[in-house]
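Order of writing sets the chain letters: A, B and C. Residues in each chain are counted from 1.
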């Protein structure tokens, strides 16, 4: 067992015993060696389920939305991306910071479960990172009450050191409108509209979602065009609030490159309104959520 | 036994596709599913498909009828539920069992679904025995023989030199007759059925679940579910649908589309009451439907052990693990 | 026959029951769209707006009646419709009331608000086949006098039927209200009809049903002789779409009518 796992369990035990929190959200080992999955511990005898390994990719902050207005005290393990999600939810007043006990864990980047499944256990040491971790710019948690382990230096993480936040976006920017249409059409034609991308997303925090209200925004018939409209509406709805955690793309059962779209929009926002990354703190107003006189207005 | 040499497979498929609408498992745009055969499309036969063959009988979206409204007038025009004769090649035993489940639902209990029947009645199914089980397969726990699909028209077995083929139904026999020139005598033997590593202990499960509706275990089991529809959309037996209108774009159409008991709108009534308001009730519904209600109503499991939901659930809410936990807790 | 495609009928008459409930008479060029049993359901649609399941509250020789409360988009559109509007109907669905079981017995109907609509199909059946049943009694309540449905039948038609009595209560009266004021369960206990030889059919808001059932138990009514109807969201009506599933039952096929004994065996999820 690794040191962090041990520390996680000790801390969880202490928090529950001292009744500082009623619930600890973390990860446990899943069905196979290559998956680790969310676990919810509310009893001291269950703390040994908690683990920390190279497959703890799931962003736990999303689950805060389940009881968003409750006053339960919750402890939550946060990697870099998870901590940004917490900031976003706090900033949007979905959860109260004082109800959370955040346990930060610096993250060296998670290993790709998909690759692991295909390549087999023998390759465990050489597995590629999850895509979301390749483009990650904040491996260290940005907000926490206590930190387990040592902060990691970005430069130490080979994949990230070489890859920029917007890597691959130029590819779609270079396409002609027709090519771009064909590109998205190809991908979205296999979307099954399961809404996993929406349901896992910490920026999709509306209590009533526009896709649930029946036919008013978008009919439920699954067509390549309808699916693209779905993708575009969702991308716009999270624009400027998307914390680039890549969960949507990771959970998509149809392997649709959703992050290409999200990162393209993030890039546009930087170009239009200046440097911005969502969820770095709870104060900076999101560029699309407020108005400045010097905002670009060439579309007016 | 008669069969097709591996080198002759595309030749055989070519011949079949000249006479019938032929569907084979294939990888297209990054996803494996049943696709119309074409000679450039190599069939994908090394494992089961990501999307189940249910979409051929019960497409994700299907038009039911057109209508026109003008002032107080309403006109309805039924859309013919017809289909050309089709052949499905390479259906796995678990999915064949699932098609049997869909048959019971769509064709039984007093009403026949005409859209489903039109396609189903026009389809000949060639099943393919599995020679190897994936890590997520557990069909042999759910009463399925991974090397035999009794409800198929024809059964195929992969061997070293080719595919042995035998007819199980009269239509299957006619089909073999029709394509006899493409077959030759193969010397190999039927391979042994693989054993699934993943297991689910199902003895006495229905009886136990009958006492567990109010059990606290559901709240725990459902905690990590994000209520996406992935498991139900990929499942070869899930058949819930919604009926909606398409009112934009000229022709007004009523269509049905897959729906999922995992969504909160599924049971939400006009007026706001929801009998399944939280994920606890929804997750419970999914598992009880498969593991108790379906056996009670149709005499078969609503799960055939194909493992698709285990493979793709974003939070690894594994049905075999759920079964294990349901067995372990006191009813 | 394709059970998912509606027949087109026409609204031939609209009766304002209460400020938010209207009764629609629906007829086709060959008379009524079909002949349902009391308690059966039908899908009613304005195709451009939507489709929903309603109980058939009564029928005549040439029409079906639907009594519909305004609760959502479709019902609002129906309330805006005028006589002559064409609408879709398909059905009949569900089991209906167990007529053979009821025949020869005294019938007690306990309704609240719009819950009288499904009961009304059976009440009118009993009235039309008067000699097949014993005494008839209706106990009905609504929030206020203005919220009482089917006023003509309640106060004119039914009280004149041989051996039939009607007792009405409101939660809150107004200056003209002379009748009882109070909730249905209390009113029921006050009237205290004997369970002897009776079949009781009750329908209304869930909270009313809950307390009516408690009162009936107190008064020694047996679950076998208590009948009620369930409501679930429905789409297909023919046991395929899965939506109305409770336990191993599909309400659109095996319901909506259940005895209390049957109901007690279903998971509590409605």
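The working rule: contacts are C-beta pairs under 8 Å (C-beta built on N, C-alpha and C of every residue); 3 or more make two chains touch, one makes a residue touch a chain.
The model shown is predicted, which means the values in this text are computed figures rather than measured ones.
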If you take the mean of the Cα atoms for each chain, which one ends up farthest from subunit A? C
Most centrally placed chain - per-chain CA mean versus overall CA mean: B
Which whole number of Å gives the spacing of the CA centres of subunit A and subunit C? 50
Subunit B to subunit C, mean C-alpha position gap in Å, rounds to 39
Taking the mean of the C-alpha atoms as each chain's centre, how many Å separate subunit A from subunit B? 32
Residues in subunit C with touches to at least two other chains are numbered 50, 73
Touching at least 2 other chains, the residues of subunit A are 214
Any chance you could list the residues of subunit B touching two or more other chains? 242, 245, 247, 259
Subunit B touches which residues of subunit A in the complex? 30-32, 35, 37-40, 58, 62-63, 66, 117, 186-187, 189-190, 192-196, 198-200, 212, 214-215, 219-223, 250-251, 253-255
List of subunit B residues in touch with subunit C within their complex: 64-65, 67, 69, 72-76, 78, 81, 105-106, 109-111, 113-115, 213-214, 239-243, 245, 247, 252, 254, 256, 259, 261, 266-271, 273, 275-276, 281, 285, 288-289, 292-293, 296-297
Residues of subunit C defined as touching subunit B within the complex: 2-6, 8, 46-52, 71-75, 82, 84-88, 206, 231-233, 235-236, 238-243, 245-248, 253, 267-270
Residue numbers on subunit B that touch subunit A, as the complex places them: 29-31, 50-51, 60-61, 135, 220, 223-224, 226-230, 233-234, 242, 244-248, 255, 257-260, 263-265, 279, 310, 312, 314-318, 320-321
